[in-house]
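The first chain written gets the first letter, and so on, giving A, B, C, D and E; residue counts start at 1 in each chain.
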Amino acid sequence: MTLQATLEIAGVSKSFGGVHAVADVSFFMARGEVTALIGPNGAGKTTLINLLTGVLPADRGTIRLDGRDLAGTPAYMRARAGIARTYQTPQMAQGMSVLMNVMAGAYRFGKHGLLGSLLRPWLVMADNEELAERAGTCLARVGVSEEWWGRPAADLPYGHQRRVEIARALAQDPKLLLLDEPAAGLNRSEADELASLLVSIAADGRAVLLVEHDMGMVMSISSHIVVLNFGRKLAEGAPETIKADKDVIAAYLGIVEEVA
Amino acid sequence: MTLHKTSRLRRDWQILALVAALLALVEFCVSSQFHRSVIILSMIHSVAAVGLTLLVGYAGQVSLGHGAFVGIGAYTVAFCLQRLGLPVVFALAAAVVLPGILGFLIARPILRLSGHNLALGTLALGAVFYVVAAQVRDVTGGLDPGIVDLPSMAFAGLAHERVVFWLSIFALCLAAAIAASIVDGRFGRGLMILRSSELVAECIGMNTARAKSMIFAVSASLAGLSGGLLALYLRSFNASAFGVGLSIELLMMVIVGSLSTIWGAMFGSFAIIVLPNLLEGFDQAKQVVYGVAMILIMLFAPNGLGETLFRVFTFRRKSA
Amino acid sequence: MVIRRALLAAGLIATVILPANAEDKEIRIGALMAASGPAAFLGASQKNVFELLVEQINARGGMSGYKVKPFFYDTEGNGTLAAQQFRRLADSDNVSVVIGPSTTGESLAIRSVANEMKVPLISMAGAETVVVPPTPFVFKTPPTDRIVAEHLLDFMKSKGIHSIGLLSSNDGYGQAGASVVKEVASKTGMKIVAAEEFGPRDTDMTPQVLKIRSSGADALLIWSVNPGPTIILKNAAAVGFNKPIYNSYGAASPQLIEQAGAAAENSFVSSMRLLAPESLPADDPMRAVVSKLAEDYKTKYKSDATTFIGHPADALRLVEEAVKKTGSIDRAKLAEAMADGISFPGANGIFKFTADNHNGLDASSQSMVMLKIQNGKFVVVK
Amino acid sequence: MTALMEVDGLRAGYGSVEVLHGVSLSVREGEILALVGANGAGKSTLLNTISGFIRPSDGDILCRGHSILGRAPAVIARAGIRHVPEGRRIFAELAVEENLMLGGYGLDRERVLERMKWVYELFPRLIERRSQAAGTMSGGEQQMLAIGRALIADPKLLMLDEPSMGLAPIVVAEIFKLIVKLRDAHGLGILLVEQNAHAALRIADQACVLSLGCVVKQGTGAALLSDQTFIEAFLGGRSSV
Amino acid sequence: MFLQVVVSGIVVGCVYGMAALGFTIVYNATKIINFANGEFMMLGGVLLAGLVAAAKVPIPVGILAAIAGCALVGWVLQRGVLDGARNSDPLTLVMLTIGSALALRGAAALAFGRDVSFVPEFGVLPLVLLGNVYIPSQGLWIIMVLVVVSAALWYVFSRTMLGKAMRAASQEPRAAALCGIEPRRTAALAMIMAGSIGGLAGAMLAPMSAAFYENGIFLGLKGFAAAVAGGLGNPLGAVVGGLLIGLVESLTSGFVASGFKDAVSFMLLILVLILRPQGLVGKAVVRRV
């Protein structure tokens, strides 16, 4: 644990109407590493992502990004501070091309807001060039070739949408990248490509949080695994430790006391 | 790479130049006052429709009350000219600024609503404006007589209509230019994301609450500009011009045109203003035709009739 | 997209060039009426009578030999639309004169256009602002609200009434009326002790009636078109309102009696003669005109005449007289003739159009009669 | 003996995305078929296709030998195939008893009341809550209600989608006990979709492992459970499955 | 005077309540806000006026015919227009119902003319005078009909399987289908019910204020205000909301300024939408996740 903690969460809890979706969860993530968050359905993984991005406010606990407490920071400010995410089902905006979707991801790097675009439209063009450049780099990196860039993103095949979504998140140049089941619906070779992409993204010096059910991928690329069950942290550690953990096996396969 | 890069804004500027040139040409060619007035009205409504396209089409926020902002713009111009004796330029500026500010202030509470409730809320807002405009007779003159005899715009030997024509061309191009720079810039891309999902927009760093207020204000300003021009053109008008019917008509212009390009709004307003004026005996069946057309468009061309026609047209050409 | 717009523009341009084929001896007359929309109560019957009269005029050979070719557009009570249609009538349909529109707001919206395009306009609006001060090309045939208000208030004063509760609709008709009544009242020394409004689609005006009752007014004056007055009469009867009730000409229609029934009994309506031709004295100068109009209307449309159909009838008569006078259908000449002492007994009174009075009516024109509802009938009272 | 329900070479998906690439399986009377697999393997898609929400692009679904392809969901439900959807989907604003009554919508009222008694016997906890708004109950009770609602119509085949999701282990145990009881005492055919593979396999007669829209392993529950490579696969990655 | 103002507010409120019931039913069964609902009332009045005045049909028969006509229109609207757009976004649905409203209004104008037409009062019931407070005969009719209709609706939605099925289908359409309920059928049924109630209400209203083809917008807006104030989806709330709006308007015109009463009720609508979307009388649905 020589690496600096990019994200520290301590004692974070969230409940909905008496049900503890996330209860007292603490762990930290280092830059340059893939951390995996696993657990059965309904264990609170997506809720945790929502808490980290600020979409939901936490009931208790602290979340720190590079040592800065994020309490009370709205989602858009956290995004500007360097947290990017993807979604369980890809969220491609209707009526926008692939390139535009990714350019939209670079929102925080645009120099001109509403007033700017009204007053000096020529600067918008320069701005656009720059953002398109950035978006193009990200798309190339996730392996979406140029012939796709002009197409409506929502019409793309599923696997491509997943990649575009990662490109959009990369365009935010995040310190922390949260991926919500990025391999769902991908075939083997696509999943393998994704795995190596994630490793290379982490190698940039970003912290990557991977929520995934594909254990093959999880075990092969993450340096650290956090297991949630019923909103609580069940176990934490290196892949080998987790694989051998009795509690984890029980929770994942579901051990039920004598039946029938 | 350049193909899908930044050509959008440049292309929009080119279209704009073409439109401006075409309208100027029309100004010189059309001699009939009637046809001239049809085109003027189309252009004036286009200004508001372009603004509404930004709000409904790009940001995904329905407004069934934009007629109110047109009305506020019109009364502002009348007030500035008749009561304050301000020059036309200032009156028009006020007609842009005041609805903009009002729009910004109203947007916060009203845009907390969404979907059906937003439609209901804005509809009620438009209705409130109508009632107030009809009742505050000290300012508006009520329903009868309303605002009477604003000064003629005749200027340097040009007749009233021709001056308004040029003014409308200018206003429409201005509106289109503003809209193009918004939608083709990062703010516009943010809005399109917002339309699909507010969550995603927040998570790419957009302050969605503020963005919605801003775009509401912009569309209110453009509606106000449209109202100001309308007032200058008509010279006499009353509150009945700004009822719920106008709001629905504006929305129809957007839908008939396109929800996803600002140029559709122009097509829509020309279609809605020109058609009833060209077809004989259309009056009787107008409402039925409008209603049925609206249903058919929403069922079969929900992206806008203009856009669907355009797609079919280009598709045919490509496959031919 | 651009191509389509170009086509559209080309289409527009093409229609400009289309020749306006004028036959010999034909006068083109435009009509703008609010046949639908909030003012449809005016325009719908006006449209009917316009068609009826044009038919009759052509049947007897036209206006001084000119066959009438009518052009009708529905303004929907919308001034913007009316102005459009006016331009269309003037430019594309090439009419000599335009009759309408039905409401004051629309007429005001058109007034400057008519003068600029130099096309005579004979409005059917109530408010005097349309023709005061007179402009060269704009005329009107209904008595002004002022004439009606003066007639009403004079009559009320003669009956010993000094304070009035005014109840007006908040639409254009009511708003314009209310302000004139207030003005006339202050001139004649009557007091308006309560002034209330109601919406044209309201169903119960009891609160307003009660407010007026508690104000202690000597009489209730209603300024609205139906169905408002009907509902108010019923409300008033039900709460036992025992002061006299007066209505403006907007309520003057047989439906008032039909609908309000006993509640209408003994109330007054200031009206043009059209409503009760049979109760007019035989020597009344307008009796012949209004009897024929009312009868013809009833025969053709199977419903009773409203007071509003007098406006287009008188307007057509004005055109006819002007054509007779000049022998031409030239717009400017017609307008000139109209302002030059044309005089005739019409449905709305004895007209005398002059350069100063483009309405042709004043307090001495005998436009109005006071009707009282007795035993379910309108009776002229003095 | 013919199968209660047979799925043959089913291909289906959403829009242009095909999720099921030719799935075949069958459920017999008095038998629990457990369908396990990772998220996104297509389990819910399969159930939604069987109950008529998704039109398959290829393949056939037979109910006691008759094809039910292309029927509306309501018709399939009345034919005796009852689907308890993921997330329970009870009518939150209606009372518990009203929920149960609606399970027997369109059936003879007497029969429904009779069956309701039976359901209350199965789930005594629902009796106490009969007039309470269903949305106010705990997750476990809601799951019981969802199953009870399906049972009212006296179905031949019950399809349960993730009945253990989000429930505490003790409640899960209770529900699984009940599933076994429904098979043993009442002879229902049950298609059980579960993440909780261990629990599902322990009570299943037959089991299928679905991966990426294909059936990759089939056998008795016990056999799969004792298959060490299966457990390894489940935790250790898909490539080896 | 205060009491009389209250009574007149109640009568008007009952009219608004009727307008609100139609929304409520359709919303209950489909979660669609039907902007054409006011047109049902307009049609009811215009149909009755047309039949009574032109065809000399006796009033009771006319009322039945108006109800049947509006029910048919409702069915056509659901089957022909809304069914085709079940999964559309709110904008599409809003525009579809507005388009339908326009078409209905235009059709009514074409078929029955653009004149204001009158229907005689139903009579039979007396005019009630309590001290110096009176209730008009037609007002009594309206109050009675509203009581009967809302009681019937309450019964249907809380006591019959059909009503429960309709509510179920709107809450969880898929789960309802899994229970053997056909959401399409319940939606069509709801629209038929809304049409019938609208037709009935329009017919009841016709003698009080004339039947006119443009009445629908006004009644529709007031109906929204009432339905929202009472909490959308709750028939009882719709009636209470109607009474509330009627009272507020009546008090405004009795004691403040009559010209602004419409603005007051629409402001109320906006405020309720923003501050208490569950309605003034409704309570937020508590749900455990």
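Keep in mind that, in the parts below, contacts are C-beta pairs under 8 Å (C-beta built on N, C-alpha and C of every residue); 3 or more make two chains touch, one makes a residue touch a chain.
Remember, it's a predicted structure, so these values are computed and weren't measured experimentally.
Trainee: Starting at chain C, how many touch steps does it take at minimum to reach chain E?
Mentor: 1
Trainee: If you take the chains that touch chain A and keep only those that also touch chain E, what is left?
Mentor: Neighbours common to chain A and chain E are B, D.
Trainee: Please flag the chain sitting at the greatest distance from chain B, going by CA centroids.
Mentor: The most remote chain is D.
Trainee: Farthest chain from chain A, going by mean C-alpha coordinates, please.
Mentor: That would be chain C.
Trainee: Provide the C-alpha centroid distance between chain A and chain D, rounded to the nearest whole angstrom.
Mentor: 32
Trainee: Taking each chain's centre as the mean of its CA atoms, how far is chain D from chain E in angstrom?
Mentor: Here chain D and chain E have centroids separated by 42 Å.
Trainee: Counting in whole Å, what is the centre-to-centre distance of chain C and chain D, each centre being its mean C-alpha position?
Mentor: Inter-chain centre distance comes to 75 Å.
Trainee: What's the distance between the Cα centroids of chain B and chain D, rounded to whole Å?
Mentor: Once rounded, the distance between the two centres reads 53 Å.
Trainee: Got the chain E residues that touch at least 2 other chains?
Mentor: Within chain E, the residues that touch at least two other chains are 109, 259, 262, 286-288.
Trainee: Chain A: which residues touch two or more other chains?
Mentor: If we look for residues of chain A contacting two or more partner chains, we find 19.
Trainee: Multi-chain contacts in chain D: which residues touch at least two other chains?
Mentor: Touching at least two other chains: 139.
Trainee: Okay, in this complex, where on chain D does chain E touch?
Mentor: For this pair, the touching residues of chain D are 51-53, 72-74, 77-78, 82-85, 89-94, 98-99, 101-103, 105-107, 133, 135-139, 142, 149-150, 153.
Trainee: So in the complex, which bits of chain B are touching chain C?
Mentor: Residues in contact with chain C: 15, 18-19, 22, 25-26, 29-39, 41, 134-135, 137, 142-146, 148-149, 152, 159-160, 230, 234-238, 240-241, 263, 266-267, 270, 274, 277-278, 283-284, 287, 306, 309-310.
Trainee: For the complex, give me every residue of chain C touching chain B.
Mentor: Per the touch definition, chain C meets chain B at residues 1-2, 4-6, 8-9, 11-13, 15-16, 35-36, 38, 73-74, 77-80, 83-84, 87-88, 90-92, 103-105, 108-109, 111-112, 116-117, 127, 129, 170-173, 175-176, 179.
Trainee: Can you tell me which positions in chain A touch chain D when the two form their complex?
Mentor: 19, 40-42, 157-158, 181, 184-185, 187-188, 213-217, 219-220, 230, 243, 248-250, 252-257, 259-260
Trainee: Could you please specify the touching residues of chain A with respect to chain B in the complex?
Mentor: Listed in rising order, the residues are 53-55, 74-77, 79-80, 83-85, 87, 91-97, 99-101, 103-108, 110, 112-114, 116-118, 121, 124-125, 127-129, 131-132, 136, 146, 149-150, 168, 172.
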